[in-house]
Amino acid sequence: MPIVKVQMYQGRSHAQKAELARVITEAIVSIAHTTSEQTTVIFEDVSKENWAAGGVLASDSS
Amino acid sequence: MPIVKVQMYQGRSHAQKAELARVITEAIVSIAHTTSEQTTVIFEDVSKENWAAGGVLASDSS
Amino acid sequence: MPIVKVQMYQGRSHAQKAELARVITEAIVSIAHTTSEQTTVIFEDVSKENWAAGGVLASDSS
Amino acid sequence: MPIVKVQMYQGRSHAQKAELARVITEAIVSIAHTTSEQTTVIFEDVSKENWAAGGVLASDSS
Amino acid sequence: MPIVKVQMYQGRSHAQKAELARVITEAIVSIAHTTSEQTTVIFEDVSKENWAAGGVLASDSS
Amino acid sequence: MPIVKVQMYQGRSHAQKAELARVITEAIVSIAHTTSEQTTVIFEDVSKENWAAGGVLASDSS
């Protein structure tokens, strides 16, 4: 019963998420030997105001 | 100091969350032997666009 | 398809976790109107060396 | 490659998050001996409707 | 800077995790248009004592 | 009631975690205007077998 959480900047399209869910689920099923019904993928959209690398919010970096 | 995170499809009402917080906290207190003051419950609303089972986004499944 | 994550100090027994899983799932099913098959509960044991309140690790507080 | 997630009530300003990201990253770099480029800080804003202490949603407590 | 967390039952081999990390990263890069250097994959092994479906710990289900 | 989760490679000492908990809590209190009693810091140790950057497990990168 794998659970995959994908955190990305917000702005990815519905089609991108649908494709990611499909491909990641296929990878989990074939490599980890489970079924697609058992596999959950959750996307979490993070704004650039809420994500910092190098100590600087992404919304502030040039 | 238990922390409980509940991820559900968005759309649950305030009353449902209040009841869940009360009942889950009571269960934690009585079964895990802590106090309600020490127990935190956090809800995370997930849209059907951000949740996939069987490799298909819930917003796309019929 | 609710997912509940319970973070507690390590040391709870198998029986306590089994009881918590049962009671929390029942609460989710009856209050959030889903099925028990759709409900996942995950426990995460945290050592007192890895948990701080008030800026002090629990393993260091008297 | 430390990842720090900060969950707080929503309402903190951009300036507060920028300052927190800077100070927490500096602490990670100097104490855990890594580089700021390797350090990620993610903020997660939680509404008072989604956070309960003592079994009561924060939005309902007086 | 996507971060992917994969929660699975413990017991997957090093080779399975290496293959999953490679394939999931490739999917993220090609579909979400980022670089592999920006993409982090974290595995979290969960014991059957810590995972319940249908209100029953996986270690207790037959 | 901020909750801070710090994911790092395993191997940091007790003293490093104690210092991080203290400094991060002070930053949260002074910048986000809360109290130290309200602030929780949780460390999560991740092995190099469970962490991949660039599609390669850290345990496999030279």
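Letters A, B, C, D, E and F name the chains as they come in the text, with residue numbers starting at 1 for each one.
Assume a contact is a pair of C-beta atoms (placed from the backbone, for glycine too) under 8 Å apart; a residue touches a chain by one contact, two chains touch by 3 or more.
Please read all numbers here as calculations on a predicted model, not as lab measurements.
Enquirer: Return the chains common to the contact lists of subunit A and subunit D.
Expert: B, E
Enquirer: Looking at B-C and A-C, which one has the bigger number of contacting C-beta pairs?
Expert: When the contacts at B-C and A-C are counted, B-C has more.
Enquirer: Over half shared numbers or under half: where do the identical copies subunit C and subunit E land at their interface, same or different?
Expert: different
Enquirer: Suppose each chain is reduced to the average of its Cα coordinates; what separation in Å results between subunit B and subunit F?
Expert: That pair's centroid distance is 24 Å.
Enquirer: For subunit B and subunit D, let me know how many angstrom lie between their CA-based centres, rounded off.
Expert: Once rounded, the distance between the two centres reads 20 Å.
Enquirer: Tell me, which residues of subunit A touch at least two other chains?
Expert: As it turns out, subunit A has residues touching two or more other chains at 1, 3, 7, 24, 40, 42, 51, 53.
Enquirer: What are the touching chain pairs in this one?
Expert: Every touching chain pair, ordered by label, is A-B, A-C, A-D, A-E, B-C, B-D, B-F, C-E, C-F, D-E, D-F, E-F.
Enquirer: Provide the residue numbers of subunit A that touch subunit C in the complex, in ascending order.
Expert: 1, 3, 40, 42
Enquirer: Which residues, counting only subunit A, touch subunit B once they are in their complex?
Expert: Residue positions touching the partner: 14, 17-18, 21-22, 24-26, 36-37, 39-45.
Enquirer: Which bits of subunit E are touching subunit A when the two form their complex?
Expert: Touch residues, subunit E against subunit A: 1-9, 12, 16, 19-20, 23-24, 27-28, 31-32, 34, 51, 53, 58.
Enquirer: Which residues of subunit A touch subunit D once you look at their complex with the stated criterion?
Expert: Interface residues on the subunit A side: 7, 46, 49-57, 59-60.
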